[in-house]
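Working notes, structure below.
We just call them A, B, C and D in the order they show up, numbering each chain from 1.
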Amino acid sequence: MGRRLFKELERSYGFDEVAIVPGQVTINPELTSTKMTIGDLEFEIPIMASAMDGAVSPRFAARMHELGGLAVLNGEGLYSRYDDPYSVLEDIIATPQAEVTEFLQQVYSEPVKDHLMAAQVQEIKNSGATCAISFTPQSTKRMSPIAVEAGADMIVVQSTVTTARHMSNSYRGLIFSELIESIKVPVMVGNCVTYDVALELMETGIDGVLVGVGPGAACTTREVVGVGVPQVTATLECAAAREDYYKSTGRYVAVITDGGIRTGGDICKSIVSGADGVMLGTPFAQAEEAPGRGYNWGMANPHPELPRGTRVKVGTKGSLGQILYGPTSVTDGTQNFVAALKVGMGMCGAYSIRDLHQAEMIIAPAMKTEGKFLQLGG
Amino acid sequence: MGRRLFKELERSYGFDEVAIVPGQVTINPELTSTKMTIGDLEFEIPIMASAMDGAVSPRFAARMHELGGLAVLNGEGLYSRYDDPYSVLEDIIATPQAEVTEFLQQVYSEPVKDHLMAAQVQEIKNSGATCAISFTPQSTKRMSPIAVEAGADMIVVQSTVTTARHMSNSYRGLIFSELIESIKVPVMVGNCVTYDVALELMETGIDGVLVGVGPGAACTTREVVGVGVPQVTATLECAAAREDYYKSTGRYVAVITDGGIRTGGDICKSIVSGADGVMLGTPFAQAEEAPGRGYNWGMANPHPELPRGTRVKVGTKGSLGQILYGPTSVTDGTQNFVAALKVGMGMCGAYSIRDLHQAEMIIAPAMKTEGKFLQLGG
Amino acid sequence: MGRRLFKELERSYGFDEVAIVPGQVTINPELTSTKMTIGDLEFEIPIMASAMDGAVSPRFAARMHELGGLAVLNGEGLYSRYDDPYSVLEDIIATPQAEVTEFLQQVYSEPVKDHLMAAQVQEIKNSGATCAISFTPQSTKRMSPIAVEAGADMIVVQSTVTTARHMSNSYRGLIFSELIESIKVPVMVGNCVTYDVALELMETGIDGVLVGVGPGAACTTREVVGVGVPQVTATLECAAAREDYYKSTGRYVAVITDGGIRTGGDICKSIVSGADGVMLGTPFAQAEEAPGRGYNWGMANPHPELPRGTRVKVGTKGSLGQILYGPTSVTDGTQNFVAALKVGMGMCGAYSIRDLHQAEMIIAPAMKTEGKFLQLGG
Amino acid sequence: MGRRLFKELERSYGFDEVAIVPGQVTINPELTSTKMTIGDLEFEIPIMASAMDGAVSPRFAARMHELGGLAVLNGEGLYSRYDDPYSVLEDIIATPQAEVTEFLQQVYSEPVKDHLMAAQVQEIKNSGATCAISFTPQSTKRMSPIAVEAGADMIVVQSTVTTARHMSNSYRGLIFSELIESIKVPVMVGNCVTYDVALELMETGIDGVLVGVGPGAACTTREVVGVGVPQVTATLECAAAREDYYKSTGRYVAVITDGGIRTGGDICKSIVSGADGVMLGTPFAQAEEAPGRGYNWGMANPHPELPRGTRVKVGTKGSLGQILYGPTSVTDGTQNFVAALKVGMGMCGAYSIRDLHQAEMIIAPAMKTEGKFLQLGG
C-alpha cells in the first residue's frame, strides 16, 4: 500500500556526495583558460573572496586583484564604521572567547558612515584593483550610488535569502530593476538556491547571482531554521535558470556558488554543476594577508531575532598566493586551487569554464580507501 | 533478474534528512503570525510541552500559558498520586542512578487519586492558564469527566500507539465518539503515524492528533520492539489525512508533531511537513522552571511486559522564556524557538502557520561544512 | 547520458535500515500467541538457539525446551568428539587469546564419534526435551539416520551457503529428497538467501529453511569473500518463495531468519519480513546457562581454504529466562525478547505470528534522538 | 513541483556498498579455475601488482611470477634512474617524515636512463618470469620499443586518466594504434572508468584496460580535483564496453580493476562487476618481499601543477605467499586472496572467472553485526 503524503520530497546533493566523471578527451592543463566574466568585467580566475571582515580588507582586495581574482568588501563592515578599523580588529582578536560574542554585537552597533565606506572604495581603486562592495538589501538603495560615485566597479546585494520580491513594513522592498537603471556598474545579487528565484532575479537585469543558503549543514541556517539547499543541487537549479534565460534573451548572467567550498574538488564540482565562478570565505580568512589574522566571524548585519554567529579560530594556512597557486605541501586539496581547477579541466577535456559545464557528474558518496597518486595522462 | 519479495518497503524520512527550500517571496519576520488553533482554543505559539512529570507541573503550565503556549499535565503522574508531589520529586532527584529505576517503579505504584488530579486542574485554572490534562486510554473514560468537572479545557488521550479500535480483554476499548459526546471540551488523541489511523481517529470527532511513534531511534520503541516511523514522514501522512478529512467535512483537525524535536529547525520542518503545532519534552525539561530540575523520565504508566525507561540527566539550559524567545548565546538551535520559526516563515514567505504548510522541502542529509551567518534578506 | 553497465544492481536492506509501521487496529499483548510450527512440531515461542558449542549443550537444550523454544545441538561439535567435552570447554576458556585459534583448530581436529553424538541425543531426550541436531551437508547422509535412531526429533542440515544442487568431486552431493524419504523426522536446511534457492529447497520436501548469509557485514562472509545478503531482504525473498510454494502445493514450509539478530526489534522485523521464527547465537551464548561461560566461537567444521574464526568474549548477561522473559533492567532490547515480540504484535494488531506477517514495514535508517517511553495504547 | 536542473546525476557504487548474492548451484572450491588471459599471455591467478617502486622490484616480479600472478615494473621509477636503486630505497626509508616529500621530489628529478630500464627488464627475464613494464603516455613511444627489445612481454601505458585522444602542445599525443603496430607484445592502457573511453581504447587494438580513477575517495583525485568514479560502477561500465566490443569483433580485451582493493571480498566484487583480473598496490607493498620494506609512495612521474603524494607507512603483514595463498591468522580478508576467490566462486557456482561474471550482486551498505563462521556447504 503506497503511503499517502501531504507533499513529495525530492533528493538534493552536496559536494561530498558527487564526483566528476573524466571526459572522453583529455587535454594538458596548460591549454586551459580559467577566465570568468561578470557583466563587462573579466577576471583571470573564477574565484571570489566573500565579504567577511575577517577575510577581506582593502589591502586584501588589492592582493586578490593582483592574483587574478576578485575580493568583495563588506560595505557595512568595520571598515565603514570606524576611522581606524585595524585597531578594532586587534581588539576583536584579543578578546577572550567567552566575551567575544557580546563584544562583536557592541562593535557592530557602531553606525555605518558613508564617507568611511567611500574612502575604502577609493583605497581599493587607488591600488589599481577592481572594486566590488556588498550591501544588505535594506541599505543598497541609499549606499550603492555613493559607492559607485567613489569608484566601485561592482555592487553586490547580499543576504541569507534574497528574492526579487520581499515584503516588509519597516522599509519599502528594494526594486532591482530600478537599481540597475540608477547605477551603471554590474550588480550581483544573492543568495538564492532555486530555479524560480534565480530566473526572476535575472529578469530584473542583474549581472550575477550568488548561490547558497545553508550549504551543507551550516549551523544557523540549517540547524536553527531548518532552511537550506546543498550546493550541488542549488547550483544545478540556478544554472538551469541561467541557460533558459540566456536562450530566451541572449543575455548571459553569471552564477557564482557561494559557501561550503573547502577544496579544489569542491571548486571543480561547483563549475561542473553549472557555476561560472565560486565565492569562498574561510579558505581566504586562513591566508596570511587576511585582516582577521586566523580568526573569522559572520557578516556585519546584526540580527535581533536570532543569536549571532561568533568568532571562530580558522588559523593561518599560507599566503594567498599559495592558497591560489601553490607551491604547497598540503595534499588535502585546501590549497593550490587554480592548479586543481586546471588539472580537473584537463581530465574533462575542457578548454574553458563553459566547456567544463559540459562535464558529467555522478552521485558517489565519499568513502575511505587507499590514497592514490595524481598523474594527468596523455 | 528482479528480486521477488514478500512485501515492498517504502522510504521514510526524519528531521536530519530534510531541509526547507526558501520561497519565491520573502517577508520580514515581524509580519508573521504563529497562532495555533485546536478546537475552539487559540494559542499565540504552536508549541506544546508534553505530559512528563519532570517537565510539566501546574506552575510550569501557568508559565507556559503566560508565554503563549500550552503545557499538558500528566493526569496519572506524581501530581495525581501524592499529596506532596514536590517532596517525591526531591527524592527522585536525590536517588543514586543505580537505584532510581526500582525507585521510580515503586513511586509510580502508588495509586492515582481523583481528588488530587482535580486539585491540580484547579491550581492551573486558578493561575488563569488554559488547562490541558492527559490520560491513558484505559483511564480516560473514568477520569476525563472528573477533570472537565474540575475545569480542564482540553483532554489529551495518549499512549505510544493509539488507534480508533483497540482490542483488549482486560477492559472494554475506549470509544472516542462516545467520549466526545460525553465531555464538552476539545479532545486530542495520540500517538499515531499513518494516514489511515489518523483519518479514522478524526472521523470519531476528536479535535487533534498527536504524531510520533519511536521518532528517530527512540530506544524502547525502535530498538526493543522495532516499531516506529520517522517524524517527517509520519507528519506528512497525518497531514494528508487532515487535508482529505477537511475537504470532505469542512472540519479542520489539528495535527501536532510530538517527539524527536530538538531544534528550531525541527519545529519549522514539522510545520512544513504539515503540522499545525509541535509538542516537546526534553527541551522543556531543560528549563529552569521544570520540576525535574535537570532530570527527566518517561510517562507514568507502568508497563509490566517491558523494562521501564529510567531517569535521564538532561541538565538545565535556561529559563522557559529564553528557550522560547531568547535572548541566548546558544547557536545550535536549541533555544529561541519562536524567533527561529518566524525567521523560517519569513524565508518561505509565510504569513501564517498554514502558509508555511505550502513551503517546499527536500531530502538533504546533514553534512559537515563551514558555519554561516544568518541574515534575512530584503 | 545514461550509464551503460554490465549488470544492474538492486538495493537490499538490513535490520538497522527498517522500522515496523503500527497497525490500524491494536490489541493487548496478552491476547497474542507466539506459537511456531515446523513440520509436525509445535513450539510456544518462535525462537531457536543456533548450533554453536559455546551456546548449546544438551543441558542448555533442555532448559530452552522448558522455556518454550528450541535449541539445536551441533552434531559435529565437541560433544560428539570427546568423552568429556566439558573439560575441553574449560581448556578453551582457559587458553590465552594469542594461542586460542591454533588450540581450537587442534581441538576440532579430533574426529567425530557416532556413539558420542548418539549419547548427546539421548541425554536431551531423557531430559524430556525436543531434540534438534545439526550436521554439515557432507556428513548428513551418514550421521542423520544414527541421530534419528537415537531419538532426534529434527535434523538441521547447515552450512554457510546451501543449495539443492552442489557439485563436488570429493563426495557425491547430498540429495535432499532421498534424505527426506530415508528419515521420518522434520528436516531443516540452510543457509540460503534467495527466492530461487529457497523454492528449490522447499521442492525437495524439507520442512524449514534457515535464512542468512553474511548478515550485516559478518567478517568472514562479507569481508573475506564479499558474499552476503542483509537479513530483511533475504527473509523477504525466502518468505515469497514459501508463499508461492504454499499456494501451489498447500504445504507450508517454515522460514527461520538465522544470524545478525541482536534485539527484540530485530526479532519483530524478521517476522514482519515473513519469517516464521528466528535463530540466535550470541544472545544465547551470553546466558548464564551457556556452556561457553561468556565465550563463543564459530561452528566446528574446519575449513582449510580460509582462516577460521576465533574465540570471542561475549560476556554473560543474565539467565536464559531473563533473556527470553525478563525481568530485566536492560533497556536496549537485548533481553526480554518474548515480551518485546508480544508488544510489537499488539501494536500491529497481530494475534499470531502469521498475522504479524501482514504488518507494514518502511525503510527508516536508525537516527539518534531523545528516548521515549513505551506504553501500549488502548 | 519537480526541480529544474542543469544536468541529471546518476548513482554510482563502490566496494563497500555492494555484496555478492550466492548462486543457485554451489561447487567445491577445488573445482574452480582462476586463470586469467591477457592477449596471448595466460596467468594462473587474476591478480597483478601495480607499478609502484615501494611494491615492485625485479626480484618481487620474479616471486610474483612463481606464485602465478603478474607484477608490473615502473619503467620510469628508481630502477630506471639509478645504478644502485636499492641504496636510494634505503635513503627514502631512512628519511624523516618531515623531509621525505622534498627528498622524493629530488630523488625522482634524476633522469630516467634507457639502459638502466633495459637492464631491469633483462633481470626479470633472466629470472624466468614474464616481464610487464609500465610507462607514462609521454614516454611510451620512445621507451616501449627499447623495453620490448630487451625482452619485455607486456607494455602497460598508465596515467591517472588516459583516453584514446589527448590534446597537448608539449608533445604529440600518443596514437595507440600506431603503438600496437610498432611493438609485437600485448599492450595494456589505463586508467579509464567509462564505457565510451574503454570502448574507444579497445578499438585502437590494445589487449587490456586498467579501470580506476580516484577509487573510493583517493585524496588527490577525489579531494583535490573532485574527479573519480567508484570501482564497482567503473568496472561495470568498462566490462559493458568489453562485451559490446567482443560481440561486434570477436576479440576479447581484458578488463583489470586497479585501485581501492583491500580484501578478498573486493577482489570477488571486482570480478562479479565484470573484471577479468585485479591490480593491487598497498597489499603488495605490505609483503615481506616488497622493496619499500613497509613503506609505499606514489608513482614516479612528478606533477608540477599539484602537490605530490608522500611516503606512507603501510607496514609489513606477511610473505607474498601468505598474502596470496595463506596460511594466515588474519580474519579481515586482507590475506589469503586466492582461497577467498575460490570460495567465492564456489558459493556462486562459478568454475571460471568468466562464470563468476554471471553472478548476481546487490547494493548492501556495510553494517556492523555479529561475526559468523565460514563453511562452504554441499
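Keep in mind that, in the parts below, a residue touches a chain if its C-beta (ideal position, glycine included) is under 8 Å from a C-beta of that chain, and two chains touch if they have at least 3 such contacts.
Just so you know, these numbers come straight off a predicted model, no measurement behind them.
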Fitting chain A to chain B on CA atoms, where both chains share a sequence, rotation angle to nearest 5 degrees: 90
Proportion of interface numbers common to chain A and chain D (over half same, under half different): different
Averaged-CA centre spacing for the pair chain C and chain B, given as whole angstrom: 40
Junction residues of chain B, two or more chains touched: 3, 10, 12, 233, 360, 362
Contacting residues of chain A [partner chain B, same complex]: 2-7, 9-12, 14, 16-17, 101, 136-138, 158-163, 165-171, 173-174, 191-194, 196-197, 200, 213-230, 233, 259-260, 262, 281-282, 298-299, 301, 303, 305-310, 312
Complex contacts: residues of chain B adjacent to chain A: 10, 12-13, 15, 18-31, 195, 232-233, 235-237, 239-241, 243-244, 263-269, 272-274, 326-333, 335-336, 339-340, 342-344, 347-349, 357, 360-378
